[in-house]
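Here it is: the structure, laid out below.
By written order: A, B, C and D. Residues from 1 in each chain.
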């Protein structure tokens, strides 16, 4: 049974996200996943803009994967369910499942984040405030 | 006194819409205006995807302008008010006013559309169903 | 007679720059114009990244316009000719003319830049090093 | 020892490919990989635009992965080496290695493509003309 998602994000495929093959351009699925991640951080009271501008740490993505299960077209409404796959000492893994209007699973993505010191770029333990919103 | 907008669209500036100067990349303001246009067409029962896929006409943009009144940052909520500036025999002009969370006018854009035959690409009179949703 | 361009930039329309109407998405024409501007600054020994990171001034775009004279398709090679339209006390205007493989003028764009203090954001006289590469 | 790449692609990180964290936005690494793929197909005499518009088959991406080994900044020149990882009966896997100006490996990506019938969308054997350019 799938885990209950930590966060759900609704959007629509926009024209500029499709290409002349008529479908969502593959890299834009990861852009949409990141939009869901940003909306999750906002809803959790720790907006990404605040992390980047004010916090002594960053959470860069070091690995990503994406699967394409069905084509998506301009105007299609989609729901992206965000789940925390794993929380490590200085990293975490997020999963994104995309569903179309018929609740069909049309794609998925994963992002692996590490926590680093903003100044040195060196790996640091995951800050408590980040750990808290992921748990 | 400003005209009452035909449609209002709410969104947020996403990270991928900013650049390393730290602000909304200028061309993306027009992308956001187009998102508002797509949302307006959907709300009017004439989605752009339906026009492109099924209708004998297209409504390509032949001219656009954009003004930048204040910088916009990642995470900023914005409202885009869409107004019809002019409806001609075979063209129409849309205006977009962008407002930040303090109702400050932070940018504006304009798109000029012509109606053309999908097959020949020749200018044709504005279809009635388009004229109707603009009036 | 058209002015001799200050700089010429060659590129190709990529898939992700087209949309499901099958053509270059209109806002991406301005993105391509900006690519030409960045290439011009690099070739002039004053890369935009250096301006943003190291210089006490910025050159934000306050206005832009774009005309679409013919559709552009994925894979189309294009040439963008950059011309300086006007140099003012604290601003400059650049024009971009797009040509397809048959030397047909398929689009044009314009960007209006002002020079501002990086810290205060206030308008300042155009720095000499910028003026020099524009003349 | 690394395989000799099938194709090398040179580009630069553009401003609109970075975000306000100051680096290449992660999803754009896959966009750049796809640019390399398009350039490879063009150089091989089988442009992607021709496949999409004229051929009875398509080569959609069903899976992608990407690793980020070092941050990339606006203006950075990069080289992308494209290698064929695997050719199956109706699929192929491409790898992309990104190198900065110091020949440091700064990122990598992979795209898995399947060949499908353009009309039915059903999996079909890899067309000979595609197999030929990959071998």
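Note that a contact is a pair of C-beta atoms (placed from the backbone, for glycine too) under 8 Å apart; a residue touches a chain by one contact, two chains touch by 3 or more.
Treat the numbers as computed from the prediction; the structure is a model and nothing was measured.
*Asks:* With chain centres set to the mean of the C-alpha atoms, which chain is at the far end from chain D?
*Replies:* B
*Asks:* Between A-C and A-D, which chain pair is linked by more C-beta pairs in contact?
*Replies:* Output for the comparison: A-D.
*Asks:* When the C-alpha atoms of chain A and chain D are each averaged to a single point, how far apart are the two points in Å?
*Replies:* Each chain's C-alpha centroid was found; their separation is 22 Å.
*Asks:* From the C-alpha centre of chain A to that of chain C, how far is it in Å?
*Replies:* Chain centres of chain A and chain C, defined by C-alpha means, are spaced 32 Å apart.
*Asks:* Hey, what residues on chain D touch two or more of the other chains?
*Replies:* Residues 15-16, 20-21, 23, 25, 27-28, 31, 34, 49, 52, 73-74 of chain D each touch two or more of the other chains.
*Asks:* Any idea which chain B residues touch chain D in the complex?
*Replies:* 15-16, 18-23, 25, 27-28, 73-74
*Asks:* Looking at the complex, which residues from chain A come into contact with chain B?
*Replies:* 12, 14-16, 31, 34-35, 38-39, 42, 47-50, 52, 73-75
*Asks:* Along chain B, where are the residues that touch chain C in the complex?
*Replies:* These residues of chain B touch chain C: 20-21, 23, 25-28, 30-31, 34, 49, 52, 58, 60-68, 71, 111, 121.
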